[in-house]
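Below you'll find the structures, each written out as structure tokens.
Common to both upcoming complexes is chain A, partnered first by chain B, then by chain C.
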Partner chain A sequence: MAHSGPMTDWRKAKLPVFAFLAPATILYTLFMIYPLIDSIRLSFYSAPSGGDLAFVGFDNYRTILSDPDWASTFWNSFWNNMKFFAVHMLVQNPIGIALAAVLSLPRLKFRNTYRTLIFMPTMLSVVIVGFIWQLILSPVWGVGADILDIVGLKSLFGPWLGKEGSALITLAFISVWQWVGIPMMLIYAALLAIPEDLVDAAIVDGASHFEVFWHIKMPLILPTVAMVSILTFVGNFNAFDLVYTVKGALAGPNFSSDIMGTLFYRTFFGYQLQLGSPTLGATVASLMFMIILAGVLFYLFVVQRRMSRYQL
Partner chain B sequence: MSNKLLAKGLAGALAASVALVPLMAQAGDLVIESWRNDDIDIWNDKIIPAFNEQYPDIHVSFKPTTPTEYNAALNAKLSGGTAGDLVACRPFDASLELYKQGNLASLNDLPGMDNFSDVAKSAWQTDDGSTTFCVPMASVIHGFIYNKEAFEEVGVEVPKTTEEFFQVLDKIKEDGTYIPMAMGTADQWEAATMGFQNIGPNHWKGEEGRKALIDGSQKFTDKPYVDTFTELARWKDYLPDGFEAISYPDAQNLFSLGRAAIYPAGSWDISLFNKQADFKFSAFPPPAPAGSDTCYISDHTDIGMGLNAHSKNAKDAKVFLEWMTGPAFAELYSNALPGFFSLSNAKVDIKDPVAQEFVSWRQKCKSTIRNSYQILSRGTPNLENDLWNISAQVINGTLTPEQGAQKAEDGLAKWYAPHQK
Partner chain C sequence: MAFNVRKDQASRAVIVHAVLLSYTLIALYPVFLIVINAFKSRKGIFREPMALPTSKTFSLSGFEKVLDKADFGTYFFNSMSVTIITIVVVLLLAAMAAWALSEYKFPFNTALAIYLAIGIMVPIRLGTVSILSLMVDLGLVNTLTSLVLVYVAQGLPLAIFILTEFMHQIPKDLKEAARCDGVGEFKIFFAVILPLVRPAVATVAVFTMIPIWNDLWFPLILAPGNGKQTITLGVQQFIGQYVTDWNAVLASLSLAIIPILILYLIFSRQLIRGLTSGAVK
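Let's look at the complex of A and B:
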């Protein structure tokens, strides 16, 4: 064409834009959005034994949130999940930030070795991690007691995975041990993106390494920290595998390690003599979805909007 | 042009995958679903070859799942249409529900079903007894397996009464060489199955108490059940350190490595100990409380085999099931898997000495089954799962026996009419 203005460019571009978006959109709709909506649809139905699905409105939600047994189980798993998340936020992410800060020190030797070692557990299967830690902490064969003995603290050792008070926290620490590499890597990458002249200027002005980190680097990596937090939130509220591997679907003792994922599994698939109920299971899944959605929306509309970003 | 090439490529890939499908599921390829993953060698090396001697054209493969995942996995596979042709049946309600959902076929017209007594079939029948949907395979008996050499070393005899039992445990504990009793509560089910259901029948008088619970004339808060929990709570002092975090395989290993003297057992543990323990061991029935003249044992109809109603190989599957009703299978199964006692009427000669000991209790004691299996686990909360949690907590000491009994009764009364009066 002789005179191609911006208008025609856009029209020309339109087709390729859709063509490029189509594969992802179609796949995502087919395998993520459709199943999600269908699962929510299922939560409004009920299937009596041997009978057909029947529409029951909000009955399933009423059962789970108001029936004393279901409600206590549901809220127990919810609060356990909050504790699980709190341990990750208070332990995993600060350690991740600290490790990233140390790794980005200019004169650190064996940097790549440390980075690889710390990241390694992330690549292991949760089943293996659960099994290894069960062995380490086993009161019969575990090396946990022996290691504490070396530093004279053997009296502190206990069957932590089997006690109501400590099972969940222990599991959370195992999970922290495994996943701490992720926040470390993300924050390390963000730290590397900070221009060196900013740091140099601060040092010339007489700032210590700690001051540089706290006043210069920290504000610049805050958006990454926020992103890590929301990833932690979503990951924790979808967690299931570690608890299931170590404690089974009954998440004992006395449901003290029950989180929403294990509750969902028990409800949907059943356990031992308890038969599964796909419709009630879908209800639990929908409630989990709403909790995660609420958390993500809070992040998007409250946290992210207030965060100041700096152009580097 | 490139589109055409792509289309051709896709069509080729599709054709290839379609061509692969028949390779994966040939006609006459029977798949057995089971929770007995420990038995995989026995099925592959003994049972299936024995079947193939008679029926060489039917290929059978045994595809087990781990016990705790079995029911969930099977339900999911059945509703997704990917389950095997033959499915191992849990007794009573779990399988009854599968039959009601149309996932198990009726086996009323299967020749050979009259080789089983009504009691044996009752675990896999509709409530009115009109339809049987699984071939009864085996029952398991609870008791205590003990390390004979440890008993000699410490100088104790097999206990006959509950008090003697605790005296023996005390002596072993004083001696200090052995852990008195190998069990943990981490997996919860041993506390209920090898604990509560093992020693309980002596308190609630077997079938008498089990039926009284079903018709509502007895409650969990009654003496027999509180007594059972009280006895169970006393176990705590004799279990290994940190038993709260000891799992079922841990306990098995503690016993088979010779570190523990007594192991609360299901008879199915025999074959593992035969393989792993290098000391002599035997078994004794749950000791009865002083003054009782009859002993009761848990002789639980544990496993059957049913036909997936949607099986594409139903004809071959029925051939296999019919073979399973015969005396040859009964003999083979009971001896290949010592501790699983065939439910067939055929006379079976058991060769394993420990299994012989277990089965000999049938003559002197009265048999019953686990009280949570028939009817009482139909509602929510599920009684069997509740008993796991409660029994583990009673042993851990986080619930008193009275609180435990109350909790079991409350759960049952929530949905079961005879307990709501």
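Let's look at the complex of A and C:
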């Protein structure tokens, strides 16, 4: 970015500058920054049986991280969320990169049509996607087994969403199906930005398209891959809609598909016999905030810094 | 030799298209399956789920039930109002802020830009506990206004970021010419700059719109009833209630899918251009 930065001295236009900045800054501060900070503040308070707030220090954190019931629920949802993220990193992003690589091949016909169609599921609401797959995978309907039958794998079909061992992984794959368009598009854009003469020179030297991709293009798009990874991380640790739609707030069976988002919702609003608690909810949200912050800081200060060393 | 190269290229093209076609099928077939079955009778849905509706299996009973039992027109209108109002507000306020950040030298300019960018990475959902109590205090629970306020706050950071980048590219001469003519600062923005931003508007609108239209979280928490449901929440509640009625479930899903598909096919070029223009880097 080779721009020169702001040029006009604001003292010549104090009122306009203030009027331009104030509305956005005020709305953003009031409905985004203030609630985030206030949530962290609330996590240090307790309101027993709906009474007045009382400062309790780190008690809420102690409850969630070391009370036997709470801690097992919290760590269960944390590790489930890590698995959810791992599936996206190991399946969604490699498929996205591969599709982007194929789509950016020279002289490809119907490029735009493929791109438009493959991106389509990303446009659908998570709720819709959740129901679509719940129906297709339902043993009552049986269409999932019919589809597997076409490729001769009918025997593999089972009630995946209903089993403790497979519900979470199945949900992760549904999410991958929906979101693969994002890494595909972002990496495709990065691949387009690579100067053509760099690639042409290698092709003239006898390199195959695969070699060109692996040895020339891949190192150049690594910063985009890193950015896609952190977007995946933030998105996954903030996910809620899919699990809630398919498995409800209880994230069954037996909490096997519970992730941080559903835990936050249950803690805040309560479920079955347990009453909801705004302050404990705020504590879960603050813990999620710290996890996301840790990921973002790792990206900014470790990944991005190391990468910029390799940049042209 | 030359012949072999050509044959190689041809077989490679076949493989490439086979790969892309199979993935396209994976992406589209599940949606296709839902939509075709929405137009079938219950028997047709279960006996031949993968067949297209025929004169024997064709039925609109699902749609009739959905339109009878749920107020999809209202839900759709709610989603449209929230989305459109939010986009207009975000575009205007973000363009104003982006202009101030990119044009004027003032103390803490960079600090303010960073402050406004925090929201790109930190999800607004984490502040939900306080947002709900704020909305209770403001008397805005179960109103579309509460959704608009939250979505504006959520949309502003990325919109300001993209528009600031864009405004840096506006030629200096243009602004200087206007200033020499003695045009006021407000008029420069509204008459000269705002029309110039148009190419970036599509990108910003898309990035603002998708998360809002598809959101379940805030409608569920801030406006869950009283006919204020958005289409996403409306479908979720409807299906929760009629979960065993396959015709109604498939029809309600199709009613939620089809408008988005049409909008997507109309705007896909702008959308994809927005996504691939390198605006998010």
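The rule is simple: the second predicted complex is superposed on the first by the 276 of 312 C-alpha atoms of A that agree within 3 Å, B and C clash if a C-alpha of one lies under 4 Å from a C-alpha of the other, contacts with A are read in each partner's own complex, and residues count from 1 in each chain.
Here is the rule we use: a residue touches a chain if its C-beta (ideal position, glycine included) is under 8 Å from a C-beta of that chain, and two chains touch if they have at least 3 such contacts.
Keep in mind it's a predicted model, so treat the numbers as computed, not measured.
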Does chain B (first) or chain C (second) touch A:Leu186, or do both, or does neither? second
Quick check for you: in the superposed arrangement, does A:Leu53 touch first (chain B), second (chain C), both or neither? neither
Applying the document's definition of touching, compare chain B and chain C: which contacts more of chain A? C
On the A-aligned overlay, A:Val127 touches which partner chain: chain B = first, chain C = second, or both, or neither? second
Given the touch rule stated above, what does A:Gly276 touch, chain B (first), chain C (second), both, or neither? first
Touching A:Ala86 in the superposition: chain B (first), chain C (second), both, neither? neither
Where does A:Asp69 make contact in the superposed view: on chain B (first), on chain C (second), on both, or on neither? first
Residues of chain A that sit at the chain B interface in one complex and at the chain C interface in the other, please. 141, 278
What does chain C use to touch chain A in their complex? 12-13, 16-17, 19-20, 23-24, 26-31, 33-34, 45-46, 49-50, 93-94, 96-97, 99-106, 109, 112, 115-116, 118-119, 121-134, 149-150, 152-154, 156-157, 160, 165, 168-169, 172, 184-186, 189, 210, 213-217, 231-233, 235-236, 239, 246, 249-250, 253, 256-257, 260-261, 264-265, 268-269, 272, 275-278, 280-281
Chain B residues touching chain A in their complex are 68, 71-73, 75-76, 79, 90, 93-94, 97, 100-102, 184-189, 240-247, 250, 253-254, 372-373, 377, 380-385, 388-389, 392-393, 396, 398, 411, 414
If we count contacts the way the header does, which residues on chain A are in touch with chain B in the complex? 49-50, 69, 134, 137-141, 158-164, 247-250, 252-255, 265, 269-276, 278
What residues of chain A sit close enough to touch chain C in their complex? 1, 3, 5-10, 13, 16-17, 19-21, 23-25, 27-28, 30-36, 38-39, 42, 95, 99, 102-103, 105, 108-110, 112, 114-121, 123-128, 131-133, 135-136, 141-143, 146-147, 177, 180, 185-186, 188-190, 192-193, 209, 227, 230, 234, 238, 240-241, 244-245, 261, 264, 268, 278, 281-282, 285-286, 288-289, 292-293, 296
